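What follows is a group of structures, each given as structure tokens.
Both complexes shown next keep subunit A, but they swap its partner, so subunit B is in the first and subunit C is in the second.
On to the complex of A and B.
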């Protein structure tokens, strides 16, 4: 959707943040000369999306940090510093988020206004871990390379005996500089890069990209395309929720269930294949419409939904019936609702801690909110609650696909002819999507020639990583893998 | 427990009976150059394929001699969709691993490109008790996780890579091959190199996926995410974005056949 930017002062922003029940969608800059705050009020629907610009005085690249009052901003302010060299002064834990030792001290990739004269970054590139002191405390470093086949990140545990006192998470290993690359590649290729931000979330990324570009180019999308996009998004959610429940079974040691889930995930991926010709639904959602292959298997999808609904029943019932599994998940890694709100948590992990927020019901994208299923929430905030939300969403997703297929409108679906697409100059647009991990957001700004000047991505995991570090406190080290898995966090989506 | 056992028995054998089957009709594989002439109009400079390609994988600098670099291709299928002459077609074969970077370049003279694996007992599942040809691999992910998930899939009951003698191990110390996914941005270099150093010789390196081979969509930026062979010698290349589980198994078997 298009968003109009309103210029306000920092004092105004503080007031707005203090008074209203907004969540922070994004907090960044355009070129280093200003702050941009995208605030979302899900209860207001599309009207609740507001973009504010706070100019920074000429030659000044700092402002008083807002993190202490608004913990949601903790990582946003770190990322802002990393990418633009804007210093949130007084930030309680200012350290680099993306760019570590291999980069020069004063390198800020997205900054275009010159740095103040004689500027020198207040911190070096090393990651200074918070040290827990006291008798018997020891540190346990894990990563960046992990034992399994997963993305890299570093965890530093401070433990007393088997209990985790503090966990610090260092990410950024996968920083590929996609936000910068997205402003460099031609528009016709941009959607491929946008979906490769994190390819397990490729459909959601492609959708957020398409929504933003379409509003900037004032392209209308057919109802049929919208429905097909929703089907693709739900297939992605289905496949990934199945993976997550399977992963949980692996970590608990229920290998039989894990292998059944692995096979059933294959069926879900096969649905992607049928619809798009790609197991990861790559290149399906394009600005303007969808790319439906000529010999697609759309007509076979209903059968696959029925089959999965039937075949998933047994392994999931056994999983939820297993005393060992339940004991390992119940009351472990608890995150209270009040904290989940404070961190601005999203997705199944947020909903498991009582956050009643599903983008499908709040903001328009694809065939939502019309075709959105009821929001699934839980209150316990433990591993089991997170798995329960996911499992319930597996069922609601299957129902949603069915409903979308039953009501699929006729019409054109072809994507835009890029040779004719012109983006509106000096404008902002945002695509907000409920990815399988939660709120995913692409914020796109054009310059006066209508070229993409800033492309900001906010992956759902960006909101949720801190919550993992908090939830695991005072839990056993042996419970970390399970707890980690239950949050289902993306490294590449966060690292950009 | 009994219930689970009963369930598993009831499922029967999920494993694919055929090895390296072609992809089904509706699935997009990698493109390939055939020996067909390019269309006249394309030779006069109106060809769309190279222009559409998101990763500049198609080189048309010589008329009627398209060069297609599978090491850059992300299998978007745009080029094969627009090709009017059938010079570029969708290749649904799954034996796609190659033993050199050059072998990934598909041209009209060498359209088929020899697979790195030969049809032999190498590509058949190892018989029980026959352990002498095994391969232990350490996977290091430096990318977006799609390739990692397809490695996971190649270990699932349908593809079951382990029956070919390939195991994924948790430490580089006892790995024969280092399998790298992702474009290796600056942030991952030190970790990847120390992992390689921890392996004992002889050791192999497998670049799995287009990002690992050339940086793919991510190459060319300030993070220098331009692929593994910028910092390590690569023995086997598995193209695809992400490669199909069968292609991954093909690559592992190619690596196994290099093991001396």
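On to the complex of A and C.
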């Protein structure tokens, strides 16, 4: 959707943040000369999306940090410093988020406004881990290369015996400069790059990109395209939720259920193949519409939904009937609702901690909020609650696909002709999508000539990584892998 | 009885013993893994895969941490040696390589030899200085501490009843004072079996198939081992599996009516079959159970201790 920028002062922003029940969608900058704050009020629907610009005075690249009052901003402010060299002074834990030692000390990749004269970065590139001191405390480094075939990330545990006192997470190993590259490629290629931002979330990324570009280019999308996009998004959610429940079964040792879930994920991906011609739903959603394959199997989808609903029943019942398994997950890695709100958690992990926030019901994208299923929430905030939310969402997703297929309108679906697309100059647009991990956000800004000047992506994992570090405190070391799996976070989506 | 037949008897005994010592431990593991795979609807690796794995490991080049001392390299050798020694002492099959009475398989000696093997494994794990080895060792020792009383008590009450601490006499199928004590044998067998699940790092104490270092117990200790060093550690572990399962199976075998087992061949077949069926039972448990939370493990071990205490009460009363 299109958003209008409102220029305010930092004091005004503080007041707005203090008074209202906003969540922070994004907190970044255009070129280093200002701050951009995208605030979301899910209760007000599309009207609740507001963008504020806070100009930084010429030659000054710092402002008083807001993190202490609004912990949601913790990583946003660190990312802001990494990318733009804007110093949130007084930030309690300022260190680099993405860029490690090999980068030059005063290199800020997205900054276009010149740095103040004689500027020298206040911190070096080395990652200083928080040290816990005391008798019997030891540090346990894990990663960045892990035993399974997963993405790289470094975890530093400070433990007392078997108990984790503190966990620090160092990411950035997968920093590829995606946001910068997105401003460089021509528009007709941009959606390929946008959907590859995090490859397990490709549909959601493609959708967020399309939503943003369409509102900048003022392209109308047919109802049929919107429904087909929703179906693709739900298929992605279905496949990934099945995989996540299977992954949890692997980690607690229920390998039989894990292999059944692995097989059923294949069925869900097969649905993606029927709809889009790609098991990973790549290249389907394009600005303006969707690209249907020549032999599309749309009419076969209903049968697959019924089959999956039938075949999922048994492994999921086995998972939920296993008292030892439930016992293993109950009251482990608990995150209270108040903390979840403070950290602005999103997605199934947030909903398991009582956050009643599902983008599908809040903001319009694809066929939502009309076709949005009821929000699934839980209050306990433990591993079991997160898995329960996932399992309930598997069922609600199957229902949603059924409903979308039943009500599928007729109409054209072809994508936009890129030779005619012109983006509105000096404008902002945002695509907010409920990916399977939660709120995914693409914020696009154009310059005077209608070129993309800034492309900011906020992946749901970005909100939830800090919450993981909090949830695992005072739990056992051996519980961390389970807790980590129950959050199911993306490294590449965070590192960009 | 002439000397020739006696020698023939010894040769038959020792030969079969040696063959089963070489074949049975890796085969048991192979069968266990295959059964687990079938429970998961997988075809699984061939039954002989543990042999192939060992052959592969023995051919590889070894990597040793620069922080490791000689202890790290020697520990698997000590471990394997102790296991081979134990295989001669522990009555894990009805066969004995050494005729009765030549050496005494004292139950305290056995417990302490098991402890010695563990001691060196733990030292080797600490030696490389890796954090994983450190907490793996700490967990192993904690579990050993909890489970040792159960093993000790189970064996001791059999010994008390038989009036000897020599296990080869207790399990000799001749001890009259223990004949017909089905309840005692059964409870001791159950106690030993539950303790072996913990001793052998099987579920629900440890997940032998996991890749998550942070949850490992036994595997975390041998993460740094490679090639021949790892092969030795694995062989030692395989033998331990056969020994402990065999020991608890021998208890169960004494519950069977004695006329069924009067024959040497019948006993040998039942011993071998018993170890394999216990392995199948473990595969069943591992397919249904999950790994317990670390703090819940003492509750599980309490079952083994309870079995041991009950068998002790029986041993005292009869």
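Some observations on this one:
By our rule, the second predicted complex is superposed on the first by the 496 of 496 C-alpha atoms of A that agree within 3 Å, B and C clash if a C-alpha of one lies under 4 Å from a C-alpha of the other, contacts with A are read in each partner's own complex, and residues count from 1 in each chain.
We take it that a residue touches a chain if its C-beta (ideal position, glycine included) is under 8 Å from a C-beta of that chain, and two chains touch if they have at least 3 such contacts.
Owing to the predicted nature of the structure, the values given are computational and were not obtained by experimental measurement.
By the document's definition of touching, of the two partners only subunit C reaches A:327; subunit B does not. When the two structures are aligned on the shared chain, A:480 is found in touch with subunit C, with no touch to subunit B. Look at A:180: by the touch rule set out above, it reaches subunit B but stays clear of subunit C. Contacts of A:147 after superposition: both subunit B and subunit C are touched. By the touch criterion defined above, A:162 reaches subunit C but does not reach subunit B. Once the two complexes are laid over each other on the shared chain, residue contacts for A:253 go to subunit C alone; subunit B is not touched. Contacts of A:103 after superposition on the shared chain: subunit B is touched, whereas subunit C is not. When the two complexes are overlaid on their common chain A, residue A:138 makes contact with subunit C while staying clear of subunit B.
Residue contacts after overlaying the shared chain place A:393 against neither subunit B nor subunit C. Counting residues of subunit A touched by each partner, subunit B versus subunit C, the larger count belongs to B.
In the superposition on chain A, the residues of subunit A touched by subunit B in one structure and by subunit C in the other are 147-148, 254, 256, 259-260.
The part of subunit B that touches subunit A in the complex is made up of residues 3-5, 7-8, 11, 14, 24-28, 52, 54, 74-78, 139-146, 148-153, 155-158, 168, 170-171, 182-183, 185-192, 195, 216-218, 220-223, 225, 241-242, 244.
Residues 138-142, 147-148, 161-162, 251-256, 258-260, 322, 324-325, 327-328, 332, 476-481 of subunit A are the ones that touch subunit C when the two sit in their complex. For subunit C in complex with subunit A, the residues that touch the partner chain are 36, 39-42, 131, 134-135, 138-139, 203-204, 207, 209-215, 286-296.
Subunit A meets subunit B in the complex at residues 98-103, 107, 109, 144-145, 147-152, 172-178, 180-181, 184-185, 188-189, 192-193, 196-200, 202, 243, 254, 256-257, 259-260, 262-263, 265-266, 269, 273-274, 277-280, 282-283, 293, 295-297, 314-315, 318, 490-492, 495.
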